[in-house]
Amino acid sequence: MRITSCACCAGFNLYSSAAAAPADAGGGAPGAPRSGGTVEPALLEDIAIASRICAMEGVFDAFGHLSLRHPGDPRRFLMSRSKAPALTNADDIMEFDLDCIACDQRGRGMFLERFIHGEIYKVRPDVNSVVHSHSPSVVPFSLVRNQMRAMFHNAAFIAQGVPVFDIREKFGATDMLVGGIEKGRELARALADKSVVLMRAHGSVAVGPSLQHAVFRAVYTEVNAKLQLSATLLGGPIAALDEEEGRLADAVNFASASRPWELWKLKAAGAA
Amino acid sequence: MRITSCACCAGFNLYSSAAAAPADAGGGAPGAPRSGGTVEPALLEDIAIASRICAMEGVFDAFGHLSLRHPGDPRRFLMSRSKAPALTNADDIMEFDLDCIACDQRGRGMFLERFIHGEIYKVRPDVNSVVHSHSPSVVPFSLVRNQMRAMFHNAAFIAQGVPVFDIREKFGATDMLVGGIEKGRELARALADKSVVLMRAHGSVAVGPSLQHAVFRAVYTEVNAKLQLSATLLGGPIAALDEEEGRLADAVNFASASRPWELWKLKAAGAA
Amino acid sequence: MRITSCACCAGFNLYSSAAAAPADAGGGAPGAPRSGGTVEPALLEDIAIASRICAMEGVFDAFGHLSLRHPGDPRRFLMSRSKAPALTNADDIMEFDLDCIACDQRGRGMFLERFIHGEIYKVRPDVNSVVHSHSPSVVPFSLVRNQMRAMFHNAAFIAQGVPVFDIREKFGATDMLVGGIEKGRELARALADKSVVLMRAHGSVAVGPSLQHAVFRAVYTEVNAKLQLSATLLGGPIAALDEEEGRLADAVNFASASRPWELWKLKAAGAA
Amino acid sequence: MRITSCACCAGFNLYSSAAAAPADAGGGAPGAPRSGGTVEPALLEDIAIASRICAMEGVFDAFGHLSLRHPGDPRRFLMSRSKAPALTNADDIMEFDLDCIACDQRGRGMFLERFIHGEIYKVRPDVNSVVHSHSPSVVPFSLVRNQMRAMFHNAAFIAQGVPVFDIREKFGATDMLVGGIEKGRELARALADKSVVLMRAHGSVAVGPSLQHAVFRAVYTEVNAKLQLSATLLGGPIAALDEEEGRLADAVNFASASRPWELWKLKAAGAA
C-alpha cells in the first residue's frame, strides 16, 4: 500500500507501522480469501473506539458501521461483526476482501451493508476509512432538493458538494439497503471523488484517508446539517463557504483531525 | 393509606379504590378473572426493562405505559401497576383480562388508560405488545393536517400510513383519556391494521408482534417524527419511502429489532 | 390557613401537618416581621428539592426561583436565599412576609425578584407555590403575537389562556426585572386567575395550590412550548385542546402531579 | 517528535515548528518577550476551568479558546497551548505579548488564531478576557441577513448590536482563520466597541472586563441564539429588548455574573 511518510499521519501511525506480519497458520476456512496479515492490537482497538465515538457523538444509534482498509494489504479491510456500534470491541473486528467475503468468518454475523465499504475501497485508492450512518440531522437532506452546503470551516470538506444516491433510480423499489456488490458499486459511483454521499431515505457515507479523518467528517457532517437547518429557519440567502474557501479551509482541518480524536477517545474511555 | 372519594382523584384512583383483596394461592379475589398462568420471572423483568428503555430513550417521561399479551393465554395481558415507567420493576407487573379487570389487584393502582391495551388485543390477534406514549416529537403530528410519513428505512412501518384518532369526534369534550372500554374500542378501530395510531392532543400508540418490536416502533416513531420536522423545515417535496419500499424495508427491520434491544437493555442496566 | 383534608394532597401532606410550631426565641432582627412559625425540616428539604428538580428538568439554569406559602401563616412565604437553584439546600430557605421583607435575614442575599412571589400570594389565596423561570422554549412565546395554547392533556392548564406581561406598558424602559412591590402587583394583575403568565423578553411564572403542582406546571409549560414550536413548524391549523377539554383534562392532571414528583425527586437524588 | 514542513500541517504547526527553547529561570528563549510576571496558580486554574466550562456548556466542542489579559501587565495575555478545551489544565496556560509571540514557548503548540485575542487587547483597554467559539446556534446568524437581537434580559449585552465580520471582504478567499496580525486587526475593527462579533461561516468572539463576564457572554450568546431561532419560527414581529432596556438590564447582569460562574465551576468539578 502506497503510504507516504507525510507528517500529518505521524500522530496516527496506522500505515507507518512497517510490520504487517503474515497471517498466522490458523487463518480462514478453506476457500476464504487470504488474510492481509496480522494487525496490531492497538489498531483493532482504534477501530472499536471509533465505533464507540460515533455512537457517543450521535452519529450512530443502534445501527451504523465503519471500516478501515487493511494497513498491510489494500485489497482487504477491517470491520466489526454485526453488532450495535456502542458495544464494539477489538475482538469483534473481522477482515474482508473487497468483495466483502470474510477471511475468517467463524460463524460471526456480518453487516448486510458491508458492500458500501468494499465497493468504495475498490474505486477510491485515496480512501482508507469509511463510515456509514443514519445521523439524525443528515437524513432530512437526503429527502429534499435543498442541498447540503458548508456552513463553517470545520465542515469545509462539504464545499466540494454532497451528492445524493437514490437507490430506486437504478434498482426500483427495494428494501433501501446496499446489500450487494451491484448496489455498492452504484453508491460508490454516486460518491465519485467526494468526501460524503447522502443516501435517499436512509443515511449517508463519509470517507477519509484515515480512520480519524473519516470519523471527523462523519461527525462534522452531522454538525453542519444542524447548522444548515438553523440557517434555513432564519431565512436565506446563506453565505456558505464557496469552493475555494472550502478547499483552503479543508487543508487546515486535515491537519487538525487529531485534536478532536484525542478528546473523543478520552471521553469514550470515560476520562474526559 | 385511606383514600377518600375526592373527585379530583378519580383519574388516579377510580379503579383502585375498592378491593384490596388479600393475595391467595389460587390467584385473585373472588370474582376476579382467572390468571392465564404463571409467567417466567425473566419475562416480567423484560416488561419492566422495556418500560425503563422507553423512559431512557425519551419515549416516556413520567407518564406512558406498555404491555405484553400473556404468553400462556391470549385473553390476558401483563402491564405495570400505575407508576412512573422509569421506576418499573418486575414485581410491579400485574395481569388483566381483555376488559382490563385485574386478575389479582391486591390494592395496587392501575393505569386509567389500560383500555388502550385491552381493546387492541381484542381485535388484533397479530399484536402481542402495545406501547402508549406522549413522545415529544410525535404529539405535534396529532394536531395538524401534515401527515406522518416514513423518512427512512428504520421507520419503514410508517409507510403503511399513520391514522389520527380524535376522541372528540365520537365523544365530544372529554378529559382526553382513553378511560374505558368504549373509548378503547374506538381507538382500536382508528388503529385498524396499522402499526401506529396518533391520538389528537394526547400522544400515540405503537403495536407489534413482540415486546421488542413494539418498543422498536415506539422509539423509531419518535425518531421519524424528528426527521420529518427537519425535512419540513428544509422545504418539500419530501421523497419519503413509498408503500412498496416501506413493505420491503420493514421486513429487514423486523429481523433486526433485537440489535437495538440488546443495546438498550445494556444501557438501561448502566452497562453500555 | 384554610387547608381542606382533600385526599389529593395526602401524598404531599404539606398543609395537613398540624404542628406549625411557634417561632423560636432566636427569631428575626428588631423590626423584622414575625415568623409564621417553625417549619418541618422535611418541608424545607422539599422546597430545596423542587429547586433542584427545576434545574434538572431544564426549567432553571443558573437563574430562576420558587417559593412556598408558609403552612402556618398565609401571610408569610418560604424561599431560598439568592443562589443558583441547582445548589439550593434546606438551610438556604428564608422566610418573608408578603411585602418581601425577610423575617430573619442574617445577612443572606435575597432574590431581587422576590416581589413576584409576594404580590401573587397577596391576591391569589388559592395559590400556595410560585415558580419563576426563563425556561428556553417559553421565552420566545413572550416575544411574539402567536399565543401559547394547550398542545396536549398534560398541559391542560394552559387551555385557560396564558397572558403576557409587558413591563414597559406601565413602567417604560426598565432593567426588565420585577424588582419591587409595584411591578410585582402589575405582574399579579396580568396573571389574574390563570396558572401561567409570560413576561416579555424575560420569562414566565407558573403557580399552583402546592409545590408539586407549581413545579408540574412549570415543567409542562416548557414541554408544551416545545410541542407548539414543532406544531407551528408543521403548519396550522393546530387542533389544540379547547377550553372545555382543558378544564376536564386538568382535573386529571391535578390528581396525577404526585407521579412525576416522586420520579423527579428520585432522579434529583441520583436514584433513578 | 520530528515534524516535517508538510504543507497540510501548516495550520497546526506553523508557529510551533521552530524554537523548542529550553525553559530557564529568567523566562523565555533569547529574543522572546519578557514575561509580565508570575501569576497566581488560582488564576491559571480559573483560566483552565473557564475552558472546561465553555466545553461543558456547549460553547466549545473540540475547538475554541479563551484568554485573560495578564493581571500584572496589560501588554501580555494568558492562554492555553493548542489543545481540546475540555482537557485544559492550569499548566497548559502560556503567556503571550500582544503580537502573540510566546514569552516562553518551550515547544508547546499554540492556537493558530491567537491573533484574535492579541489584536482585541491592543485596541480595547476595557477588555480583559476574550472567548472565541463556534457555538452551534450562533454560527447560523453569521451566515444570513437576519440579525441577532436580545431576546431576554440575560442577553442584554446583545442589544448594543452584534456586527458580522466577513473575512473575504478584505482578504478574498482564505482558509477562514484569523491566522495573523492583519486579520486579527480587521476582526477587532469589526467588533468595535461591542461585546460580541460574529465571524461569517466560522463562529464568534465574546469579550468582557473579566474572565467571568466573557464566559457569561459567550454562554448567553448561544442561549440567545437558540431563543431567537425559536422566536423566528413562531413568526414576527419579535418584541426584543430595545437599546435602553438592554443598557439597563445589562447593568444587572454585570452584577450577577458570579452566580452562574460559581455554579458552572462546581459542575465542571463534578460537584453539582
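When the chains are written out, they are named A, B, C and D in that same order, and each has its own residue count from 1.
Keep this in mind: contacts are C-beta pairs under 8 Å (C-beta built on N, C-alpha and C of every residue); 3 or more make two chains touch, one makes a residue touch a chain.
Nothing here was measured: the structure is a model prediction, and the numbers come from that model.
Novice: Which chains are shared contacts of subunit A and subunit D?
Specialist: Output, common partners of subunit A and subunit D: nil, no chain qualifies.
Novice: Quick check on subunit B against subunit C: do more than half of the interface residue numbers occur in both copies, making it same, or fewer, making it different?
Specialist: Under half of the interface numbering overlaps between copies: different.
Novice: Between subunit A and subunit C, what distance separates the C-alpha centroids? Give it in angstrom.
Specialist: Each chain reduced to its C-alpha mean, subunit A and subunit C end up 49 Å apart.
Novice: Mind checking the centre-to-centre distance between subunit B and subunit C? Centres are C-alpha means, answer in whole Å.
Specialist: Result: the chain centres lie 32 Å from each other.
Novice: Could you tell me the distance, in whole angstrom, between the mean C-alpha positions of subunit A and subunit B?
Specialist: 37
Novice: Using the touch definition from the top, which residues of subunit B touch two or more other chains?
Specialist: 233
Novice: Please name which positions on subunit A make contact with subunit D in the complex.
Specialist: Going through subunit A, the ones touching subunit D are 5-8, 10, 150-154, 156, 223, 226-228, 230-231, 233-242, 244-245, 248-249, 251-252, 254-256, 259-260, 262-264, 266-267, 272.
Novice: Can you tell me which positions in subunit B touch subunit C when the two form their complex?
Specialist: That would be residues 1-4, 6-13, 61-63, 82-84, 86-87, 112, 134, 136-137, 139-146, 166, 168, 173-177, 200-203, 229, 232-233 of subunit B.
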